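As written, the chain order gives the labels A, B and C, with residue 1 at the start of each chain.
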Amino acid sequence: MPSSTLAAEPERSPWRDAMQRFRRNKAAVTSLVFLILITLVCVIGPWLLPHAYDSTDWDALKLPPALTHSHWWGTDESGRDLLVRCLMGGRISLMVGILTTLTSIALGVVWGACAGYIGGAVDQVMMRIVDIMYAVPYLLIAILLVTVLGRDFYLVVLAITAFSWMDTARLVRGQTLSLRQMEFIEAARAMGVSTPRIVFEHIVPNLLGLVLVYATVTVPSVILTESVLSFLGLGIQEPMTSWGVLIHDGAQMLDSAAWLLIFPALMLSLTLYSFNYLGDGLRDALDPKDR
Amino acid sequence: MLAYTFRRLLITIPTLLVVIGIVYILLFSAPGGPFDSERVVPEAIQAQLMSKYHLDLPYWKQYLLYIGQLLQGDLGVSYRYADWSVNELVSGALPVSLAIGGLSIVLSLLIGILMGALAALFRNSLVDYLVMALGSLGSVLPSFVLGPLLVLAFAIGLQWLPSGGWDHFSWPFMVLPVSLLTLINVSTLARIMRASLVEVMNSNYIRTARAKGLPIRLIVFRHALRPSLLPVVTILGPLAVSSITSALVTESIFSIPGLGILVVNGAANRDYTLVLGLVVLITAMVVLVNLCVDLIYAFLDPRSRA
Amino acid sequence: MVCATRLTRKTDDVSTEKILLDVSHLNVHFQTPEGELQAVRDVSFSLRQGETLGVVGESGSGKSQTMLAMMGLLANNARTDGQVLFRGDNILNVPTAQLNRVRGHKLAMIFQDPMTSLNPFLTVERQMTEVLQIHQNASRGQARASVVRMLESLRIADPLRCLRSYPHQFSGGMRQRIMIAMALLSQPHVLIADEPTTALDVTVQAQIVALLRQLQEDHGTSIIMVTHDLGLVAGLSDQVMVMYGGRVMEHGLADDIFYSASHPYTSALLASIPRLEHADDELQAIPGMPPSLRNMPAGCPFAPRCGRADSDCQRPASLRLVPEGASDHQCACHHPGAKA
């Protein structure tokens, strides 16, 4: 009996149920559509627009946004087109967000799985480290890391990763612990041989959903951290730009060119919102009892 | 109560040591030494500088020396501001940050608790929606977006207040920075207070209080307030940590000469000892705040003292 | 579960005392997103001085909601109509200030779970003295003295230490005693006890019941005892009211209910009481589950589980005098009287 319940998948795939629930959540679906759109626009947009993000136009300094000229969103104090800069900044911000999330989730999964699977003293030590990491004021350390290691793009990713993996680690450890118990019971019954397949058939469905939700929530938090760092002048370096950098630049020009702040701020805020609604929607869809 | 305090203190010390350790390792494993600058320094002088700053000793010795130095309250010297010690720089900046931070925390607590309580007591009414909408302003937009927007509205648009700067604690320069910090914290505090008070008012012991025929004023202030404040106290710890971020951003936006600007400039200038000293100081402050929060919690909740 | 050998008759005759509490046609509805749900339907009873009313029913029968409605303690989305006269004055749907003059003072209530019903953040002294400070304008000192006297009369050991302590430092039985003491401070005419012993051990249950009986003898307090345990009301009640699905199923003097039960539900409840004499027999449970408020049957709420139900029972049954029964014995059944 045990091995048949193990191997048998339920008729209605839990994924299909989740998809249905998700589709009914209008805010989440809208957010997903928005995010896909904005990613496409940021990736493809700059190739389609007439201006390059770093080309200065001395005849069009600090032009306010209008549809009449070619600079739809206006220009900055060096005549650079704001629209294309926002899109390029979007590329960077989103890339940082996704890349950092991937690495921190990877680190968190590995850390949590090891801690949960090995257990005992190793587990205690590993989780103590997690607790200490939580207590450390992360932005300061991130600033320090960036100070020491420099402001190279990948170093920024590293610095932010260093403080974003803990939630995932805790989650994965918890799941691994409970699954470990289950696994032993099943293993004992199922012909005395525990196969990695059992582990995969159970861990993957359970964990994947939750990890996905966490990822969706981690991305905006990471983008926010990068934006703060860039806003403080300690993140992404020239000539690259990100939304945080653009907001920083825009904040300097508030009295003369407020649009330089407003457009990137708008893009950032809408993106963050969308990720949050998406995360909520995914969480509700995958775990409906968690209302 | 005393034993509890002592236990909590013991746990915080390793955290501090670890933080200092991490920071230390980072600093001194950085590519290039602290004296790699644009000017070429003659070898002899470099050797002298190294020995003066103990940089020629093995790392672990340097670490111990540093801890010893810290215990005496000395945060070291700045590499960039050659005539200044970190302590001196801090003593100029700390009061500024404390003034703004302290004021905003007090305001956030007062306003946040009041708003949350009103929203909870008049749940689902117009008061509730208005209060919560107002409150969520601070969490809707990131601090570095909200800040410039405030400047745009009040300094550039209405021209009521300066857009930044500092003048010996004179109040016009304090209004916007304090407002920004307060707006951000109020949203969290109001939300938590509301949820907490709603839950308390639905509890069985409040039902008993109503059954005893007590007037509502008495029920709220004597019976409901203390239990409902517990989650608020609990959030003060994490709030302190997140306030660091908010403070850094605020001081940057409004050019406030506080600890935040010191950190940011120190980082930009790669002034290692300054940043190290500041990180140690701020971490110690956060740890202290967390400890105080724990103690306040234990004081408020008779059940936790058992 | 109080053993059935305590099914003794109450001896005092209270029929000549004046009516303290007069409830007529009480209804309680809840406004929910799914529509309006009715939790209590057309409940009427009256209570005299020194009398005890036992209100019996399963969870969801509406017995607690009836009491909460009388005390004005229902949730915000509740609506009540009907009449509740306490010593001649209506207390239903009146302003809170007016209600507060009565509740906690002459109309008191104690609840099921003493742990969550006492404020864990306040000392016992604080929670008890405030009753007297509010209702009798007593000073702190006077109130304290009265509280100590009350605790002593309930034979609570070391009252002074008790006052300084917090609720979590006591056992369940002690907490319930403190609750009762707190409710009695202002010498209420009526005490409503909502499942006071459900959360307690059997031995403690017996003590609490004995305590309540004692109080009635000493002070002449009228008691409404709400419980799901028929055995519990046996030794204590003058009248018994059986509720199911928000309605009164049967209502009468205790003797009539216990010895001449007319409603099939009452009979089933009586039959399900474990008896020592029949220790080897199977326990008789009532098959099925109580109806949820959302899916209330159209006619008699008990019909789905009733052995006597037929097509007549699709219509609601109103309370009628039991044929050949006592003058105050009523039953809401289309087929009253016969054995279930």
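Please note the rule applied: a contact is a pair of C-beta atoms (placed from the backbone, for glycine too) under 8 Å apart; a residue touches a chain by one contact, two chains touch by 3 or more.
Remember, predicted model here, so these are calculated numbers, not experimental data.
Q: Which one of the chains is farthest from chain B, going by Cα centres?
A: C
Q: What are the two chains with the most C-beta pairs touching?
A: Of all chain pairs, the one joined by the most C-beta contacts is A-B.
Q: Between chain B and chain C, what is the gap in Å from one C-alpha centre to the other?
A: 54
Q: On a C-alpha centroid basis, what's the spacing between chain A and chain B, in Å?
A: Centres of chain A and chain B (C-alpha means) sit 25 Å apart.
Q: How many angstrom lie between the CA centroids of chain A and chain C, rounded to a whole number?
A: Result: the chain centres lie 57 Å from each other.
Q: Using the touch rule from the top of the page, what residues of chain B touch 2 or more other chains?
A: none
Q: Quick check on the complex: what are the chain C residues that touch chain B?
A: For chain C paired with chain B, touching residues are 71-73, 76, 96-97, 99-105, 108-109, 111, 113, 116-122, 126, 130-131, 134-135, 166, 168, 179, 182.
Q: In the complex of these two chains, what residues of chain B are touching chain A?
A: Residues 14-15, 18-19, 22-23, 26-27, 29-31, 140-145, 147-149, 151-152, 156, 163, 241, 244-245, 248-249, 252-253, 263-264, 266-268, 270, 272, 275-276, 278-279, 282-283, 286-287, 290 of chain B touch chain A in their complex.
Q: Residue numbers of chain B touching chain C in their complex, please.
A: Counting only chain B, the residues touching chain C are 123, 203-205, 207-216, 218, 222-223, 226-227, 300-303, 306.
Q: Which of the residues in chain A come into contact with chain B in the complex?
A: So the residues of chain A touching chain B come out as 132, 135-137, 139-141, 143-149, 224, 227-228, 231-234, 244, 247-248, 250-251, 254-255, 258, 261, 265, 268-269, 272.
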